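Each of the two complexes below includes subunit A, the first together with subunit B, the second together with subunit C.
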Partner chain A sequence: MIAELALTLLLLLSPLALGQTQIHQFQYQTDEQFHEELVVRPLASDHVNTYFQFTTRWHGVHKNLYHTQLTPRVIAEILQTYDVKELHIGLTQGLWRYETWGYPIVEATGGAELWAWFSSPNLTDDSVNKQWMRLANVFSGILCASLNFVDNTNSIAPKHIFRPQFMASGNRSHQFVRYATLPREIVCTENLTPWKKLLPCGSASGLATLLNSGYIHNTKYHSLGVKVRTLCDSDDPSNCLVELTQTANLVYDLKLLEQSNTDFSLRRLFGMGLNGYCEMASSSKIYVQLNEQGERFQLTPTPLEEVLSTVGGHNVLFGVYDIQQQFEGPGARLFNIAWIGPKGNSKREHTSPPPLYAHRYLLGNGQKHGRIATEVTNTHYEPLPVVLMELVPWYVHAYLHTLRISSKPQHLHEYTSNELKFSLLHYAPGKQRELPTHLEIGFMLPARSSALITIEVDYLLLKWLEYPPDANHGHYIGSAVIGSQLPIGRNYTALPLEGYLFQDSFNASQTAYTLTLRTEALIVSLPTPDFSMPYNVICLACTVVALAFGPIHSVATKLIIVERQTTIPRNLLRKVVHKLTTRFSQAIHQYCCQ
Partner chain B sequence: MLHKALLLVLAIIQINAAEYDTSILPEAYIDAAQHSTHTNNWAVLVDASRFWFNYRHVANVLSIYRSVKRLGIPDSQIILMIADDMACNARNPRPGQVYNNANQHINVYGDDVEVDYRGYEVTVENFVRLLTGRTQNGTARSKKLLSDAGSNVLIYLTGHGGDGFLKFQDSEEITSQELADGIQQMWEKKRYNELFFMVDTCQAASLYEKFTSPNVLAVASSLVGEDSLSHHVDPSIGVYMIDRYTYYALEFLEKVQPFSKRTIGEFLQVCPKRVCISTVGVRKDLYRRDPQKVPITDFFGAIRPTRVSTDRINVTLADEEDFYTDFDHMPPKKQFKIVIQPQFIAKINK
Partner chain C sequence: MNSNYYKLLLLGGAVRLYFSQTSLAPLIGNRVEFATPLNSFKRLQEGVFLLQQGVDPYRGDLVHESPLLLKALSGILINYAQVLPLLYILLDLCTATLLYLLGITFVKQKLQQQKGECEDYAKDTEELQYNDEDKSHIAELVLLAYLFNPLTIMSCIGLTSTVLSNLLLALILYSMVKRQLLICTVLLAFETVRNLYPFVLIAPLILLFARRSVPMGIAIFMIFVTSCFAVAGANFLVMNSWNYLDGTLGFIFFFRDLQPNIGLFWYFFTEMFEHFRTMFLITFQLNATVLYLVPLSLKLRKEPLLLATVLIALMAVFRAYPSLGDVGFYLALLPLWRRCWKFMAHGFVVFTFFLITLSMMGAFWHLWIYAGSANANFYFGATLAFSTGQIFLITDLLFAHVKREFCLYNGQKIMINGEEARILLE
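The block that comes next holds the complex of A and B.
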């Protein structure tokens, strides 16, 4: 009995002892790893792109997803409860300008965008619809965004654009995807706060301390992202990996930071330098792109090492800082990197646009009908395959028979009646108040040309209560998603799907680079009634009734007596005389007739 | 024995409260704590106005949010409803910042803010569902008011109001009868222990006229027939920054610390007629305690009364397996090759 007691005591104490060693060799013993990275890339025309990526990878026991250490429990539980294998949520403010800035590391559209893959043996379409709505509701609470407005009236199941990025053992027929976008969402500190709370170190230490709300909202483009995916071994379904990637993509305009146009530093961008690294992190690194259009920036302090990354024939030079090494010794200090641009060179080289980019706009005038136009431009010397996905909400009625694609060579300005052949890959017509219109079109875009895809639309008149409180702002049509495959890696910075860190994109040449571009979102003015009309009508009607009633009443109830027309003199003396004479004549009349 | 335990508790409180001013809690407080039914605090803060010219209503509600959070109520127990976005609005010259003062004294938006209902979600229906607890299926947990019979709830409403109603987002109204009904339902469902109802709108006193539920203390920034006025204009944003009543309330609350001895009675005196121009209305008849003896942290903070117990308590130990994972005995996870399906599968003929 005493031996048993001693044994239980030993068993109880051993994890404590193990825990002690755990703290020192955290990254070697546990199956959960956390990495933080910051990438700084100067863009054309005095813009700087800073990209934060926080990756948590958990290779562990998946019978029970509740015992998390670094992965936030709320994310891990959701995977189990809603059969989600892959989830992407993006909250963005601003527009990514492809022509001048190239391609972002992570694509996102303005407002909120979310899509998810569900996979489980017992799933049907209906149950996926319900789970999708519940998932959106849960995330509206986690990220403090109005994602609860996502429901079946604005979600679609994309067929060709968002392919699975997860690995799950399971039949393809049990995999379902849903996509929705809410272009009206704003991103502010209220979304950043809960997003930071999902990180292992929160906002207390590490690279997340740089994300100060006063500084990062003064940017031209600002995007927060959460991406979760599950990777399972095809031989052994219980051997699974859960990967959570949180990204923050910012583009600063240096002219707005009120000092020189070409020099900047971490402190100017974020308000403070770094004061440490996250203790839970296995690696904490800063990557700086050193060459931009043939010019090199001077960096202080100099990077630890320089890496030349060749992707698809294009070279990019990165300088690497290892924050864990910087803060190895004792003592508190602030770490700051300063860039000094080349002086005396005010003229920058003309930036060449990326191989493929797109714009979207509305044609037509009036509030009855118009045309949605998407323009895709190929600046590459080879033709490119393009898949265009459009999600047109139910309050805009799109006519499929008016879908046209016209093309023109890049150097011309006008679109001729030259039509491109396209294949309609998928069409799900919309239904008023129930479903949005879902269109996926594929075509080959010839080399060095632009294509204009137009479809005619009608704007519907909504019921009175369906208008939002600020109805005159307009209604949004979300952005189109354009998928393509590039043969070259120019401007391409996205992470390869087999890897998970930014450093996995170094020298990661592939046969083809998949792109999903986003365009602008559109605002349409649906015919909006004048909501003050009932009040005005009541006032007007009541006034008219009152004005009409008074005289009619008086005419109907009073007797009109015509007065004999006599010549009544005008001035006072004559009036008095006239009165006396009439009295006198009346008196005589009375006297004589009695 | 009890005295010794009490002294121990006092000593612990003293050590913890070393940085604050008051170090000895009055005996009357401990006495009240032993007999109170108050166990936790919730706050429901609502801004019902949209559009840039109603900037001051957002600044109002954020001022109260800031005070309530500073005095200890956690975000999980604060429901914040803001109908429009001012901080990241394109018209705001200082993105991410909302100030209570043209001299930018306090950034009431701050760096750590969680808004539960925002934009189009701030409707009368959602507010009444929140109060009564009848939220729709699937509503996120942070959007529910999960108060119980021991909760002291603070409700703060601001926006445009009139005699008997409060306007939500320029398109609908909540009437004082609906508010009274909602609070009566809360009482019947035992969703509050005591309720402090604050309103900062024009003719605000009309909103609490119909209350009949017990343990409700209400304060309004103006009486029926009076308008609540705003404080001052900031030329750089072009609109009024904050309302008078909330400006002076914030000034009062900024001086309150978590262990303060200030009372609700003092808070009810804030903003006299010479600064507020409107008369502050108070409804005390439904409240059984004397406001002069109720600490302000009963509603604005989250100070829990502690009770010292000398009873024996049975504790059941949990299973050991739930608490440690045996790293040595687990088989190492096999690394496997990651193969992702091709991402572009559309076959488009050239």
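The block that comes next holds the complex of A and C.
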């Protein structure tokens, strides 16, 4: 069992050495290629997933790396300046529901997420930290997102969970990774517009015309992604390949779109039909999933081509529309695809949850202590290796010694005292205002069971100016990232690592399918001070100090003297009278003496 | 040591043992009044766990115990976690015993001192002088005050490391009255590297041992400084890095953790304007350490133990992360000054202050953190009043001492022109 576990974990963590074959496969005829793709997948409970993918692949030699045609020049420059070899940015609103929707083609967490691999012979940890912040700042400008808030207080260097996807496997000591999330980030039109500007055709023509902000931001889930990878030939470092992938992943709720029935069309989803293809694109294609949820619909027009993809023993049938073919011949027109559902009462379709999914929530009450609980469920009939990464921000103290992994069989409701041992632990403690807590644990999750990972946390009181404008809204804890390797391809739609087009995922059976999941982000309410009274507090505290200072000062400096006890009356009124009469008599006395 | 002592000690142990078995113990361990970032048991456990995992505990922000103690406790915590409450209780009983012995020795020395001075005393001042009965009486009062003070009991069952600090302080005081210079200095150095503030106790130490010889004073100071470096070096050898200095002393001095406690720092620095922070930080730290050191040393140069008591008390009020365990410790020292009590005017006021503010603290904390119906100001108000009460107590003791000294030589009733006179400071 232990040997098996070690083997599986090793498999999970082994670097993916793919670069070599890939670079030779690449065709040298064209320097730059651009592909646009759209995937439409009806999901369970009347949801539709539309996934746009725009890929620019550019094979340039190192010297002319600035002479780009289709790739935005800013990307090329950044790769050069900051020694970035791989970059992932996600801007997401909403939560992907794994249990009913299966796995997304591209993973993303709510808010902004950014991770990058740096590699250069003379990089150090400190210089990478600096480059990382500059990189985030640049992309803050490019995407109009608050990525400039990414700094060392919320970034970590993941150790096990992320592997370089497209980097020559070489000296690992010169490879650095940084990861940060900004769960509070709100994604909106201001991000979509600059994102579209990175495309060769912009939003003028092609599939990108469908991305109208008025329709995109009404969806239940929308996620914009930018992914850049480079690969240089290990023999010839000037022979490089740059790949920029821009993705937009949307989930529509048909019930919200149209009250009466569940029919939908491109026009209904995006507000307009397709007006053509991007002239610069080598290919523009629309893939429509025909089986599973798609079986309920009739398509007009029917796809010219059908592709059956078998991934890990799981069959998926896609209809393919080649837009360039559709728009052959003269005449301006709009292209639309309609999905017509069955009339009458549609039966509730049964969906089986994917092999592995996760949830996260907070336990405990009050603004002082709490527990973060992450629940990972394995519905598969074999044990699965799981790696969990937590990034706990500095304003929450996590106690590692309280980390527990309790497990239960899937059919039970209560967690037993049965605890799982973690076989892998990486921990970097956090520091207030400086470093987040970074935790990675690996363990084997038994077949058909759930694991509840809990860790106790303290919520800190911050300085009054460190609270965001709406302090009682709460502070975010970013989502946990869960990595695993699935033996089966059910619900698995991600592209294989060496592929770059959606069609590369067809029939891409592997021995294991690398999976990363994101859980929900959490919101904690920290104790808040009263923001209105800094002056009062300063005055009061100083008064108390003065209360000590005064008497101690007089004890230390004054002499003891004996004074005649005057016959001062106790009564207040008489005291006043007494004082007045003595004053008066004194005055008379003085007057007389003169 | 009479049978009373054993009975009280047993009873004190039994009370602690009983409460450590109840559900009160984990509750107290999480209360901000008792467990501060410096002394909380949870953080100690975290430190031990991190050591076990091979992570440097001082890289993070949770562990502030000194490496030597952390290592020592890690051995116990890993192997005999069940007996740890028992160990803390035993240590607390040791503290009580030391304080009891301190009381006996102290009164003996006072009696001897009085024998030499009694010709100078005024006539009707017998009640201001220590007598033979006090030998057992005062020591028993000290024992009672330490063993059955709810503050020390709670602090013990909450497994706060204040228990260890109290033991060290009691050892320092006891070796002071026993005139054990070297032990005293080394222990003080150890406690200083742990908690920073106790270094002020070097003043009573020098007053006591140097006996007005300046070279001797300098020598003692040098011994102290050397042992501080030695302790720091020993800590370095344990961890093999200097990170711990920032994690312990730096953490105390720069006041990085704003978690509420019973002191004055937390809300003050929460609400502080950032550009004034450094100035006020230094001011407050000076106030907690050297501000009162020179004047009080001059004034109380003949009473080093009283100086030590007052300094420990001021430390408990003004330190960055005070806990109620510290308060319990200096309260137990008050019976030593039983002969001053006659002149302490605010006894009732202080008692009422303590009673009301301590009960309000718990209530306001609940309202702020759990019920959400109060805000931080309420709890801050309670801690402010509690500090005020403590300050009243300390200044009252000082005034009482000055008056007692005066009356001892001039008689309790001083007549001017046939009328009773008042004693004033001017």
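Quick note on the criterion: the second predicted complex is superposed on the first by the 490 of 594 C-alpha atoms of A that agree within 3 Å, B and C clash if a C-alpha of one lies under 4 Å from a C-alpha of the other, contacts with A are read in each partner's own complex, and residues count from 1 in each chain.
Following the convention adopted for this analysis, a residue touches a chain if its C-beta (ideal position, glycine included) is under 8 Å from a C-beta of that chain, and two chains touch if they have at least 3 such contacts.
All of these numbers come straight from a predicted model, not from anything done at the bench.
Chemist: Check whether A:L199 is in contact with subunit B, with subunit C, with both or with neither, and answer first, second, both or neither.
Modeler: A:L199 sits against neither subunit B nor subunit C.
Chemist: If we overlay the two complexes on their shared chain A, which of subunit B and subunit C does A:P469 touch? Say first, second, both or neither.
Modeler: A:P469 contacts subunit B only, not subunit C.
Chemist: Between subunit B (first) and subunit C (second), which, if any, makes contact with A:F549: first, second, both or neither?
Modeler: second
Chemist: Counting residues of subunit A in contact, which comes out ahead: subunit B or subunit C?
Modeler: B
Chemist: In the overlay, answer first, second, both or neither for which of subunit B and subunit C A:P529 touches.
Modeler: In the superposition, A:P529 touches subunit C alone.
Chemist: Does subunit B (first) or subunit C (second) touch A:V39, or do both, or does neither?
Modeler: After superposing on A, A:V39 lies clear of both subunit B and subunit C.
Chemist: Classify the contacts of A:H160 with the two partner chains as first (subunit B alone), second (subunit C alone), both, or neither.
Modeler: first
Chemist: Regarding the shared-chain residue A:L425, is it in contact with subunit B (first), subunit C (second), both, or neither?
Modeler: Both subunit B and subunit C are touched by A:L425.
Chemist: Looking at the overlay, does A:L250 come into contact with subunit B only (first), subunit C only (second), both, or neither?
Modeler: Neither subunit B nor subunit C is touched by A:L250.
Chemist: Go through subunit A and flag every residue that touches subunit B in one model and subunit C in the other.
Modeler: 425
Chemist: What residues of subunit C sit close enough to touch subunit A in their complex?
Modeler: Listed in rising order, the residues of subunit C that touch subunit A are 30, 32, 42, 45-46, 48-50, 53, 55, 57, 59-62, 256-260, 264, 266-274, 280, 284, 287, 291-292, 295-296, 298-299, 314, 317-318, 368-370, 375-377, 380, 384, 387-388, 391, 394-395, 398-399, 402-403, 406, 410, 414, 416-417, 419-426.
Chemist: Touching residues of subunit B toward subunit A in the complex: what are they?
Modeler: Contact set of subunit B toward subunit A: 50-51, 85, 87-88, 94-97, 107, 109-116, 118-121, 138-143, 169-171, 320, 323-327, 330, 333-334, 336, 338-346, 348-350.
Chemist: Spell out the part of subunit A that touches subunit C in their complex, as residue ranges.
Modeler: It is residues 365-369, 394, 397, 399-401, 425, 427-433, 435, 437, 458, 460-465, 527-530, 533-534, 537-538, 540-541, 544-545, 547-549, 551-565 of subunit A that touch subunit C.
Chemist: Which of the residues in subunit A end up touching subunit B in this complex?
Modeler: Touching subunit B from subunit A are residues 8, 11-12, 14-15, 18, 29-31, 59-61, 67, 93, 133-134, 137-142, 144-146, 148-149, 160, 163-165, 167, 184-190, 193-194, 212-218, 231, 233-236, 239, 383, 385-387, 423, 425, 442-444, 468-470, 483-485, 497-498, 512, 514, 531.
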